[in-house]
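Same chain, two partners: chain A is paired with chain B first, then with chain C.
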Partner chain A sequence: MTMFNRRQALVVGAGAAAMAAFGASTGTAFAANDSEEQIKKFTGGKTAAQGRIKLDLPEIAENGNTVPMTVTVESPMTEQSYVASVLILADGNPRAGVATFHFSPASGVAEANTRIRLASTQNIVAVAKMNDGSFFTASKQVKVTIGGCGG
Partner chain B sequence: MSVKPRMKLDKKQAKKGDLVEVKALVAHIMETGQRRDGAGNVVPRKILNKFVCTVNGKEVFSADFEPAISANPYIQFKFKAQESGTVILTWIDDDGSKIVGQDSITVA
Partner chain C sequence: MISRRDFVQLAAATAALVPAGWSRAFAQQRLTQNELLDFPSLGNVTLVHVADIHGQLLPLLFREPSINIGVGEAKGLVPHVTGRALLDLYKIPPGSTAAYALTSEDFSALAKSYGRIGGLDRIATVLKSIRSERGDRVAFLDGGDTWQNSYTSLQSKGQDMVDCMALLKPDAMTGHWEFTLGTERVKELVGKLGFPFLAQNIRDTEWNEPAFKPMTMIERGGVKIAVIGQAFPYTPIANPRWMMPDWSFGIREEDLAASVEKARRDGAGLVVLLSHNGFDVDRKLATRVRGIDVILTAHTHDALPDVVKVGKTLLVASGSHGKFVSRLDLDVRDGEVKAFRFKLIPVFADAIAPDAEMAAKIKAVRAPHEAMLKETVGRTDTLLYRRGNFNGTLDDLICEAIVAERDAEIALSPGFRWGNSLLPGQEITREDIYNATAITYPATYRVTMSGARLKEVLEDVADNLFNPDPYYQQGGDMVRVGGVSYTIDIANPMGNRISDLTLRATGKPLEAGRDYTVAGWASVAEGAEGPPIWDVVMNHIGKQGVVAPRESSHVRVVGG
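After this line comes the complex of A and B, so read on.
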């Protein structure tokens, strides 16, 4: 009887420890922005060179709910050399992902414009993937007066 | 849901090789999944997560959207005019439903 109780206690103890560990790990994953992991996933660990990307965002955004953003990547956009995709991240949002644009030679130019939400003053990071497997990156800070995540 | 997107091509007639600019706006709440309602419950995420533009069935541009895209998402991009045909824009909702817009272009 005593043995049973002790085992039971051990099982319960282990379960509780596992729960605590799980809770802690999901907790940090949720709280910390995953922008670096997202970049690693996108580039496959390769380092991205600075340049070739133009990020057009306002210096100061009064309303973080809708911030206009234009991204342009310099490229001839031919079958030989084109921009395959561009990942946009916001490093101060609850979640880093903003959008991924996919281009092809049929796009003619690697340019896209949309409106994004920003929770607070932060950097917007763009990472472009070329068809030859090279990567380019650029970032720009935007000051946000009123955050846009409805927190 | 029969939402009609607003879309505009900057030219209806183009020469081969011209860049055609597409602007499109669609009414959608783009619920982030981060907000809480009055009772403190998380409002479930509901966004348009994918956008595709095809010309005569060939994909010329697509985008993956995350919750950080504003409500009533606006998108503007360009494509190179190759042949006359139909320009179809498709947005895909988290629940699998689609919003489709259509226009045509004449290439001389």
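After this line comes the complex of A and C, so read on.
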């Protein structure tokens, strides 16, 4: 970028590590809750593969108290191949659990929507259990801002 | 570009030496309207675009940013190239008219030579000229942020802008600050516009149904053109949600893709996105939503002298405050853009003749307020400007006013990108202050806030600006601070960018657990109380008489 910034960077770079009036992160939650245990319980310790799941969530929530979410899992939804259930977790809420949706071939499509409450910026994780015992997962970060200065 | 080399060299050599009046006459003589409008026409469609006028009916001075840092994939790319680097990139001679219009380099000196830019009456002249030449090939599109942020637009609730823009007969518009007029007023104005207000990305919160027309189909030069509107996706987050409680925004990529497909099915030969996403968001969007021929960008106020091509999509950035009119000629055949030619036309107010009809209209809407707006409240001995990622002298002055008038330890001022610049020695009028502060939620609040909370606020806004994924950015600049200094490491993740917060009065580090008196304005929370910010700033300047804020160094930037 501009010379101004480079020069500033050089001057400040050396001293930057020294001061720390504050601790580390305050903005983002780093899976402080039981989300990992819940996933292990849901999958029985099996590894969930990436893919097949679409999580429709805003990048930035307009209102953290009611964030619209739609989860869709690709599947023919036949007796031979269908989505059995989908676990939804919020890795930064005091309690990770959001919902578990159950499906059958009669569902036609594996899609569900709801509104969720998010305490702060965090990842929403979906894990889908297929009828053959395999698992898929996807996640998306949703930012919950204090709000204020666009423009 | 617009300047001839010989003119440029001479102008650069004389700019600082020649008295302003003499030099202005010189600029006027040599930089002609014909030269500015000269454009070898091409093809069967001409798109004309303006955006981010922010209520400015008159020509003004506006210094472009010297610091506009790009992160993630946008790092080092336009529009995140400023000053001398931008001149080098586009081979623009320093000291030229283009250098003055597009960068902050030598701004004060060049402003004396080249004068004010913009004015809706000059824009009218440009538009009429293009229309007379290109006839039914022309589509004129307004990218929004048109109806707010001047005194008369605030006082008339957007009516002055609506009435003046009506004379330009836009084919469509979209919006952002428009929504801060509140749901009812927006509906009222949109209902009487006579052209569509487009926003494919706004739904009503109750039934999730489209709140605005998503798209319009117009025929120009024998080509069916689909114009899809995209309002600023984060309006209810960056601005007060309580003013638009029934509307939900967002980027809504999949809905947009569906609109593009529908447009093609309906026979569109050209698909245009009239966007208020911001440039980096649009650049990412162009890689993810196929089939958009042109994105007319807005929101981030970038002025680029050439289009940016992303795959097959052309991105246009038309600047702000009426400084520029973009003209994009397209040869559209078989549902494809076969060729194009572009010019970012700088609206030099001394060179382009005002359109008489528009000038009369502007005079009429301003007449009841003209005398008050021209009243002087003080003088500045240094350049006052706002644009830049971290601070500007105008916001430093506003923060100083807040600290003094509201008896606070710390001041916060929003990172808005609009407001005019003032040259050293210039009188400060009431209008100048309104141009930097006129919003519908102006209360200058005063609260106590812990050091930890203040850090959270700064971290939050920093991530809105520097999240490496543009879809998580909101497009303003960093919140301005008074009374504190800090270091920001842009490359760090959210929550870890701000350090070294220091109370400047004592030189001591801010304590996480201590409460501080913090005053600011433009709170998005409902019920904020306090005097309007323009009164606070005018009172302060009135007491000082002469102000002279210097370039401050209380924000240290690392990792840019």
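Basically, the second predicted complex is superposed on the first by the 113 of 151 C-alpha atoms of A that agree within 3 Å, B and C clash if a C-alpha of one lies under 4 Å from a C-alpha of the other, contacts with A are read in each partner's own complex, and residues count from 1 in each chain.
The working rule: a residue touches a chain if its C-beta (ideal position, glycine included) is under 8 Å from a C-beta of that chain, and two chains touch if they have at least 3 such contacts.
What you see is a predicted model, and the numbers here were worked out from it, not measured in a lab.
Undergrad: Using the touch definition from the top, say if A:94 reaches chain B (first), chain C (second), both or neither.
TA: first
Undergrad: When the two structures are overlaid on chain A, which partner does A:103 contact: first (chain B), second (chain C), both, or neither?
TA: first
Undergrad: In the overlaid three-chain picture, which partner chain does A:115 touch, first (chain B) or second (chain C), both, or neither?
TA: Touch status of A:115: first partner only.
Undergrad: Tell me which partner A:60 touches in the superposition: chain B (first), chain C (second), both or neither.
TA: A:60: touches chain C, not chain B.
Undergrad: Check whether A:145 is in contact with chain B, with chain C, with both or with neither, and answer first, second, both or neither.
TA: Touch partner of A:145: chain C, not chain B.
Undergrad: I'd like to check the shared interface: which positions of chain A are touched by both chain B and chain C across the two complexes?
TA: 148-151
Undergrad: Can you list the chain C residues touching chain A in their complex?
TA: 66-67, 69-70, 76, 80, 82-85, 145, 176-177, 232, 234-239, 241, 248-251, 254, 299, 414-418, 451-452, 455-457, 459-461, 463-464, 467, 469, 471-472, 474-479, 487, 489, 493-496, 499-501, 509-512, 522-524, 556-560
Undergrad: Could you list, by residue number, the parts of chain B that touch chain A in their complex?
TA: 19, 32, 34-35, 55, 58-71, 73-80, 82
Undergrad: So in the complex, the part of chain A that touches chain C is made up of which residues?
TA: 1-2, 4-6, 8-9, 11-13, 16, 19-28, 56, 58-63, 68, 121, 141, 143, 145-151
Undergrad: Under the stated contact criterion, what part of chain A meets chain B in this complex?
TA: Checking each residue of chain A against chain B gives 65-67, 70, 77, 90, 93-95, 97-109, 111-118, 148-151.
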